[in-house]
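You will see chain A twice below: alongside chain B first, and alongside chain C after that.
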Partner chain A sequence: MNKPKFVYVTYIRTTPEKLWAALTNPQTIKKYWFGMTVETDFKVGSPWRPKFEDGRAADTGEILESDPPRQLVIRWRNEFKPELKAEGYSRCTMAIEMADYYPDVGGKAVKLTVMHELEGEGAKFIEAVSGGWPKVLSNLKSLLETGDVAFRVEAA
Partner chain B sequence: MVEIAKFKPNTVYVTYIAATPEQVWQALTDPAFTRQYIFGFALEIEPRVGGAFKLLTADGSTHVKGEVLDLSPPRRLSCTWGVKGMQDFGELPDCVVTYEIETSGETMKLTLTESRSWDVPSAILAGGRAGWPKIISGLKSVVETGKRLRMAMEGPPPGMIEAAQRAIAEKPWERR
Partner chain C sequence: MDDTGADAVFKALADASRRELLDQLRAENGQTLNGLCVSLAKSGTRMTRQAVSKHLAVLEAANLVVPVRQGREKLHYLNPVPIHEIGERWIANFERGRLQALSDMKKALEEGTGE
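Moving on, here comes the complex of A and B:
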């Protein structure tokens, strides 16, 4: 039986180094993750604690792997919705690969795969991140390609 | 005639685009745009329900062929979709591909859905699941930046050809 999981792939005109920086720089994260403040140094074993703009804890967890500019793995539990927190910890893997390079058209695509898997059983947490990740990653892609996000307020 | 009620979504891919619904609609239906993000394929569409829908390669041969099921600019485009340009998949039943454009706060939400009428093995779905993120990422780049994000179409993922051959031999879609 497979664990409940969500996978999202996006291709971005950038470099692995710039994408890694965007995934690990708190100022940049705040721009594309709708104002979320992330407190962590992104070192293995360090705590990871995103907070809403009003200071409430959104999630808590720990950095499990940090291999710049290739792979970041975070152990992750929701903190602000009791029914999601009750499903316990998840494991979020962000993997960066070079896709294709076409110098003739200035095309340079980096593949970002986000795989978010629940450690235990349950469907609500994965359903929630399935709605959230496309918004956050669409914003990240826009920010890297155009210098601005697609939207600042997370729509329902 | 396609019995649309039999089709269930197998693959859903959502992206948000800083554009108007009309701009996204144009990118979906104008061959000058589709060439830039669907691996060089030009879309040819008869803009009416029941009209023909094709994706043509640069030399004019048909890669994908289908029929328009819904054409509601700038909100919804739905077509049957049969891959004719790869001999291993030509005898699989057509799937249904639907694009939906919704306003979502300050931005546009584009939802791509690939649906099938039969209990399709994930090894067959893997082809679309590898291709759609490239296509839709490319569409977003073209619309937002005016520049294409050129990417190569990958060959079929491991196990896909075998799964398609097995399905074509056993025809599970004819079972009741």
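Moving on, here comes the complex of A and C:
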């Protein structure tokens, strides 16, 4: 494994199974990922192709690991911005585990870790994806905890 | 984010040394404890290794820094998600554009690049 370029963690009051379902159900993904349509069956080796609402390809890649409800690894490359596409593939790991949520007061929550590694050098791609993730994770968290998302607008 | 989480984040941020550590990780993400000590020394900040380690523990407890084990090394990553969640609590969606414009203007004026 290369050194990750960024690592994002959020704690969600839900179960690993529900979080896994949210990460792999195209209808749910659409809700927290700004209307993006993902075509894949989430099986190892299957292609993974998110599309914008107007049908343009956003990214392309494949599923590298799929271990429900623990770990999902996707290899992906940007498709819609030539300068990002030129930077090649990145590896995104989404890891799910039960964790103490603020152990000083007790309580359990599900910890979601999102990590990106690049196969080559790619400062622009990392800048672009790292900007989008906090909004997507906030949406995912609030969808699972309250049933609604925080942001509906297109990601900048 | 609930109030316990928000308390931990505000307490962690209410300290200039800890904010400095986050700045160092923003400049270069994924540093080791040793790496951070070197970076701090380079930027002229005096902090003992023990103090850096203590501050990192507070930042980790608040989920502002995430440790990742790689081989024998422990790498530290800046996690902006809790700060984003706090912002979201008080900033309405429709205000984002105006706040961004205001902050761009402030930055331009303070850097002397404004018209």
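Note that in this section the second predicted complex is superposed on the first by the 141 of 156 C-alpha atoms of A that agree within 3 Å, B and C clash if a C-alpha of one lies under 4 Å from a C-alpha of the other, contacts with A are read in each partner's own complex, and residues count from 1 in each chain.
Definition applied: a residue touches a chain if its C-beta (ideal position, glycine included) is under 8 Å from a C-beta of that chain, and two chains touch if they have at least 3 such contacts.
Here the structure is a predicted model, which means the values were calculated and not measured.
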| item | value |
| --- | --- |
| Partner chain in contact with A:12 - chain B first, chain C second, else both or neither | first |
| Partner chain in contact with A:99 - chain B first, chain C second, else both or neither | first |
| Partner, of chain C and chain B, that touches more residues belonging to chain A | B |
| Chain B versus chain C as contact partner of A:115, first or second or both or neither | second |
| Chain B versus chain C as contact partner of A:4, first or second or both or neither | second |
| Partner chain(s) touched by A:146 [first = chain B, second = chain C, both, neither] | first |
| Doubly contacted chain A residues - partners chain C and chain B | 8-11, 102, 105, 134-135, 138, 141, 150-153 |
| Residues of chain A that touch chain C when the two form their complex | 1, 3-11, 102, 104-105, 113, 115, 134-135, 137-138, 141, 150-153 |
| Chain B-touching residues of chain A, taken from the complex the two chains share | 8-13, 99-100, 102, 105-107, 109, 134-135, 138-139, 141-142, 145-146, 148-156 |
| List of chain C residues in touch with chain A within their complex | 4-5, 8, 29-30, 61, 63, 66, 68, 70, 75, 77, 79-81, 84-85, 88, 93 |
| Complex interface listing, chain B residues touching chain A | 13-18, 104-107, 109, 133-134, 137-138, 140-141, 144-145, 147-152 |
